[in-house]
Amino acid sequence: MDDIEIEAVAEVDLSDPVLIEGLPGVGNVGKLAVEHLLEEFEEATLVRRIYADVFPPQVTLESGVAELTHAEVHAVETPGEGPDLLLLTGDHQAQSNEGHYHLTDTFLDIAEEFGADRLFALGGVPTGELVDEPSVLGAVTNESQVEELEDVGVEFRDGEPAGGIVGVSGLLLGLGGRRGFTAACLMGETSGYLVDPQSAQVVIEVLQELLDFSVDFEALEDRAEEMKEVAAKIQEMQQQQQQSIPSDDDLRYIG
Amino acid sequence: MDDIEIEAVAEVDLSDPVLIEGLPGVGNVGKLAVEHLLEEFEEATLVRRIYADVFPPQVTLESGVAELTHAEVHAVETPGEGPDLLLLTGDHQAQSNEGHYHLTDTFLDIAEEFGADRLFALGGVPTGELVDEPSVLGAVTNESQVEELEDVGVEFRDGEPAGGIVGVSGLLLGLGGRRGFTAACLMGETSGYLVDPQSAQVVIEVLQELLDFSVDFEALEDRAEEMKEVAAKIQEMQQQQQQSIPSDDDLRYIG
Amino acid sequence: MDDIEIEAVAEVDLSDPVLIEGLPGVGNVGKLAVEHLLEEFEEATLVRRIYADVFPPQVTLESGVAELTHAEVHAVETPGEGPDLLLLTGDHQAQSNEGHYHLTDTFLDIAEEFGADRLFALGGVPTGELVDEPSVLGAVTNESQVEELEDVGVEFRDGEPAGGIVGVSGLLLGLGGRRGFTAACLMGETSGYLVDPQSAQVVIEVLQELLDFSVDFEALEDRAEEMKEVAAKIQEMQQQQQQSIPSDDDLRYIG
Amino acid sequence: MDDIEIEAVAEVDLSDPVLIEGLPGVGNVGKLAVEHLLEEFEEATLVRRIYADVFPPQVTLESGVAELTHAEVHAVETPGEGPDLLLLTGDHQAQSNEGHYHLTDTFLDIAEEFGADRLFALGGVPTGELVDEPSVLGAVTNESQVEELEDVGVEFRDGEPAGGIVGVSGLLLGLGGRRGFTAACLMGETSGYLVDPQSAQVVIEVLQELLDFSVDFEALEDRAEEMKEVAAKIQEMQQQQQQSIPSDDDLRYIG
């Protein structure tokens, strides 16, 4: 196998498509969002598989059948006025510093091949605490994009996320911008402790307005409800634990 | 030395051989199994040594004579009706993410060179507790293989092993499948804490039925007996320790 | 993207320029110093950006606009008698052992391209305690440089810094010396615990005398004042903590 | 700089030279031994410097003058009947798995260039406790070498050192043997906790007999004396510490 291999699974003619990326990350927000789009757009066509020796040396199993770790690009010919979509997702980020760069360049190659010159990288931004009504933070390659995004509720806050954006999402803007893409990152606020379907939903809602499509959210809302129950149980357990841990004052008493 | 070097030690004409891999891993099940086959098939011929700069920079010593870390392929012309065998084993997995990919591709090159288009990767699946009668779990490259394997007792369980299969065993399916091999992974259940000759035996028993050969198990059974005594001693020691560790309740008393 | 990419942003004719490097490191002394020079020489021209897959896979954000991690070289045509300057800075060191070598070679390529054959690597040397009046330690590629540096107050102490100089600063001397550059490292003493604008100032003061330029220090002095207050608060907090921690003697009493 | 660069410092005609390697390792035995030979053979000529991007990105300082991390080969035309020597030493091992392989191949290239077909890798073997009269353990590329080495007191013990030999010393045997060198590793017993000049001396004494040269040991003996005092002080401190640590029984009493 070459270091990176693109498997052409199908060819589809798209009109002015937009690449939307959702790989694993904080709260799995990006991955949840793109997977939800794949479920809702039932006509999505798998067009490319990307294998790479910087992915973990691993197969996943589906009913006992092994599948080599890879990323996937699906094409969606949207029914409405909006642009067609290229949905990029997968189970893993690259395992090395250099790997993130080379993989991202490959993803951009594929986007170019299908005629895309716009892209959205989806992700989460950790707040450190449970968020009731998550906002969506934005980052762009050109200042001129800010206004359009603010119009649909995306927030631009100075110095957030602190430390910038890492991994493929960050590089899609960094490398994409240098290659002439108009790229934006949409980051849903999330605690950072749990997978967060609610945050994925608010990110998709922004995309819907920007790209003029519409999907159902029942499946995501159900998962969000489940996660809220999980979060509630965890909080309860933590409170019980804290009550039974001797405080600093108690410990000081020993000496 | 090149990054990977194949040393051709001998040439053997095989009829429709099957590659069987057993490198170090959980419970050392795969390695024990292939080493047992090598001991029982006394006519096995060492045909290839594989050196690689992703193996540890290390020599092992046998009576003071140094041998560079490598993997080995032995050829076995089986006496019965079954196919000939290519037995792959070694002391180490690759030391880097990319190394697993490149090594596995090399192993598949060798298999192809000898005309093999079927392979079995042997390994262990950790259960977290001592297992009296280990089952053999399976994974395959094509759904059509499942029935044949179930017929000889291999189990396919949804979501097991969790996390899929990592290392060379996983990639032999992942890369092998993409290169047209009919590949399967046979994983003996094992605690995950000790080397497990019993689990190696049940894996070989499955292979025997599939490939129509027959070996003696006395050596493995002796080692399994020894390991059971080791396990019993460890359990005894743990129980003694637990009695002398103050419980959580006791500790809470301090404050 | 290639492994390392040099983006030519502007071309400037310089007379006998000197490269001055200040990347992140101990006390951020080098980076602070070069950034201060960039602020004071308002006519500095950005001439080169250096991108590399050994930089973190990351973008930073400025008012929501993403910028791919890179190093930068600015050209300064100094007003006085002294040589022109090439100021090298950036937010990151290389993330791999080999990366440090390859990046440094690239920086030297750029210096050569602009006709430089002299360079100064700026950094900090950790003392482990707060320093009231930091000295500047020196290291050179040729013994003949020592006297000129000692004349402007640079100290050469046997065995300091212990362990030599690591990272790009070290390699600019190591690789630069082999390529024929006259290179020196100027290291301001610093505690090693905090960013240290005062140490950056004493390093620039040495450079001023060597290269016959003059800059204002008000901005650095203000930041140094702020850092002194931070240091005072930390010391206060540590003293309070130490009083409330049971001493070894107390703990021994438990048994 | 290339990944590995050999700098030809001088050319010397040697008759049938033997390569002797002593890089940092357990007890620094190998490095101490080769450095002692360099001090005693005053006529040694530096013939090659080896630079590599797998060495730490670092310069060392000698009177303020920076020197890029490298390994060195000195040539010694011995006065007696014995073969000439190529002495290989340096401050560092490679920093990566692959680096060990590539560096060792380079060292063997240099040995070949000077006409060597024999080599000795020197090192220490850790015993875990202070050793009064260290033995020298051996490892070889051909069984036929064992007798000659046993004749001068080298011991071959089954299964020692456990885990074989790692790093450049191991690979000089592993790769050297494959390239046709007659190679041996001589390992002085050493505690593993301290640099061990005494162990270096017993290793050199074996070499003297094998290669028919003779050096003075006063300098090593002085350093060995110093290290014995250091070891005595450490033991004393440890005993005092153990007396003041509450035993397990005491601690159990708390609950």
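A, B, C and D label the chains in the order they appear, each numbered from 1.
By our rule, contacts are C-beta pairs under 8 Å (C-beta built on N, C-alpha and C of every residue); 3 or more make two chains touch, one makes a residue touch a chain.
All figures in this text were calculated on a predicted structure; none of them were measured in a lab.
Superposition angle, chain A onto chain D, using Cα atoms only: 180 degrees, a multiple of 5 between 0 and 180. Chain centres were defined as the mean of their Cα atoms; on that basis the chain farthest from chain A turns out to be D. Once the centre of each chain is set as its mean CA position, chain B and chain C turn out to be 52 Å apart. One finds 37 Å separating the Cα centroids of chain A and chain C. Residue positions 254 of chain D each touch two or more of the other chains.
The full set of touching chain pairs reads A-B, A-C, B-D, C-D. By the touch criterion given at the top, residues 1, 3, 51, 53-54, 56-61, 63-69, 95-96, 244, 246-247, 250-251, 253-254 of chain A touch chain B in their complex. Residues of chain A touching chain C in their complex: 94, 97-98, 100-102, 104-105, 138-143, 146, 156, 158-161, 163-168, 170-171, 173-175, 177-178, 183, 185, 252, 254-255.
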